[in-house]
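These are the structures in question, set out in turn.
Each of the next two complexes has chain A plus one other chain: chain B in the first, chain C in the second.
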Partner chain A sequence: MKFGIVINEGPYTHQASDSALQFVKAALHKGHEIFRVFFYHDGVNNGTSLGVPPQDDRNLTLEWSGLAEKHDLDLVVCVAAAQRRGILDEDEMGRHGKSANNLAPGFRISGLGQLIEAGIQADRLVTFGD
Partner chain B sequence: MENGEGVVKKFCYINRKAPYGTIYALESLEVVLIAAAFDQDISLVFADDGVYQLTKGQDTDGIGMKNFSKTYTALGDYDIKKVYVEKESLEERGLSAEDLQALKYEDEDDDWAEKDSLFVIGREEMAKIIDEQDVILSF
Partner chain C sequence: MATLHTVNKSPFERNALESCLRLAKAGSSVLLFEDGVIGAMRDTRFSEKITQAMGDFSFYVLGPDIKARGLNDDKIIDGIQVVDYNGFVDLTTEHDTVQSWL
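Entry: the complex of A and B
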């Protein structure tokens, strides 16, 4: 089956990102396809490369980046939600005249159309949030 | 539509939270406005505190937030014709249909006659409508 994944909450405060990560791993293990993972609302905060969680805890951003590299996942961060919350790639940094960028490897910034497309293309769109 | 390959699915956007206090209502509306360009079969559902999103006379001056309630009245221009509000959610909050903004669309198949796009329906019918959907996004 082809899954689309939506993550609506940031890391650590909510379990949404952890649950989605476990779901994606299990789905891939069973041979399913992940069409796209779309990060919306505070979910965009999963894409910051600047998080430094304690060493004895999981690092969700690193986990997503690693999984993306291993399985060629499409991790999409919503541009409008990201701009509000200070998640920028190099292009966005330049466009808005900011002094830094922080999008983690394996993530890309794009529009809400990517979410709708995931709904159209996937057999199931599964939302992780509150 | 690009990458859509002519597929038309039933998309339902369920709004369950108050318009202010959290950003879910505003960002849900942003999704809906983008989604309208994809030629899909769109329904909007307002239930629980989400019914407050459609109330008349919202005034956000005191909280310093953008009042985006007028945007709902523009949904008709985006060809969104099916907005379902749960009757029980209104009643539980001491609200009725009269407390809500009028939502209209112009029917191109009927000489652009203005028609209602907001329907207040009971919980059972709401369950049926949600059950018919292909894709549900809940905010």
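Entry: the complex of A and C
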């Protein structure tokens, strides 16, 4: 079965990103397909490469990047939510005249259409948030 | 068309569980996870609401989130089924839609 996943909450805020990560791992393990993971609202903060959690804590951004690489996941960060919160890729950095970019490997920035498409294409859309 | 409702907030913190039970259609299922697992505990002022709703809904609770909070499976209201993340995935596929009560 094809899953779309929505994450509306940042990492280390509560548990949404952790729950979604465990859910996605279990779904992949069972042979399901993850059509897309869409990071919306504060969820875009999962996509910053500049987070430095303590060494004995989990690094959620690294976990997502690693899982994306291993399973070729499509991790999409909402562009409007990302711009507000200072999550930029190289293109957005140039477009807005900023001095740095911080989008983590495996993530890409796109629009809400990607969420709508996930809702249409996926058999189930599961939302995690606060 | 059966819906899986997921509730991730304690009933002592927000009214997500109460809203869910009030509005969900009979025959739906409810999965309590994250802080929502508090709602699955016996002998609270919400336990009776769950027990009464069991005629209309099937209840599930995510085991790893119970353990993460230092709670025990033996404190769970009778009739609520404990599932792991694999069981969570299965619940989403066995139902037609998933509604998250955030």
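Convention: the second predicted complex is superposed on the first by the 130 of 130 C-alpha atoms of A that agree within 3 Å, B and C clash if a C-alpha of one lies under 4 Å from a C-alpha of the other, contacts with A are read in each partner's own complex, and residues count from 1 in each chain.
The definition used in the following text is that contacts are C-beta pairs under 8 Å (C-beta built on N, C-alpha and C of every residue); 3 or more make two chains touch, one makes a residue touch a chain.
The shown structure was predicted, so the numbers you read here are calculated from the model rather than taken from an experiment.
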Original post:
With the two structures laid over each other on chain A, which partner does A:V37 touch: chain B (first), chain C (second), both, or neither?
Top reply: neither
Original post:
Is A:Q15 contacted by the first partner chain B, the second partner chain C, both or neither?
Top reply: second
**OP:** For A:L125, decide between first (touching chain B), second (touching chain C), both and neither.
**Re:** both
Original post:
With the two structures laid over each other on chain A, which partner does A:L67 touch: chain B (first), chain C (second), both, or neither?
Top reply: neither
**OP:** Considering only the touch criterion stated at the top, classify A:I87 as touching first (chain B), second (chain C), both, or neither.
**Re:** neither
Subject >> chain B or chain C, by number of chain A residues touched >> reply: C
Original post:
Should A:L112 be classified as contacting the first partner (chain B), the second (chain C), both, or neither?
Top reply: first
**OP:** Once the structures are superposed on A, label A:L75 by its partner contacts, choosing first (chain B), second (chain C), both or neither.
**Re:** neither
Original post:
Looking at the overlay, does A:A26 come into contact with chain B only (first), chain C only (second), both, or neither?
Top reply: second
Original post:
Which chain A residues come up in both lists, the one for chain B and the one for chain C?
Top reply: 8, 125, 127, 129
Original post:
Where on chain C is chain A touching in the complex?
Top reply: 6, 8, 33-35, 64-65, 84-86, 88-90, 92-93, 97-98, 100, 102
**OP:** Would you pull the chain A residues touching chain C in the complex into a rising list?
**Re:** 1, 3, 8, 14-16, 19, 22-23, 25-27, 29-30, 32, 123-130
Subject >> Residues of chain A that touch chain B when the two form their complex >> reply: 6, 8, 40-41, 80-81, 111-113, 115-117, 119-121, 125, 127, 129
**OP:** Write out the stretch or stretches of chain B touching chain A in their complex.
**Re:** 3-4, 7, 9, 11, 23-24, 27, 30-31, 34-35, 37-38, 40, 134-139
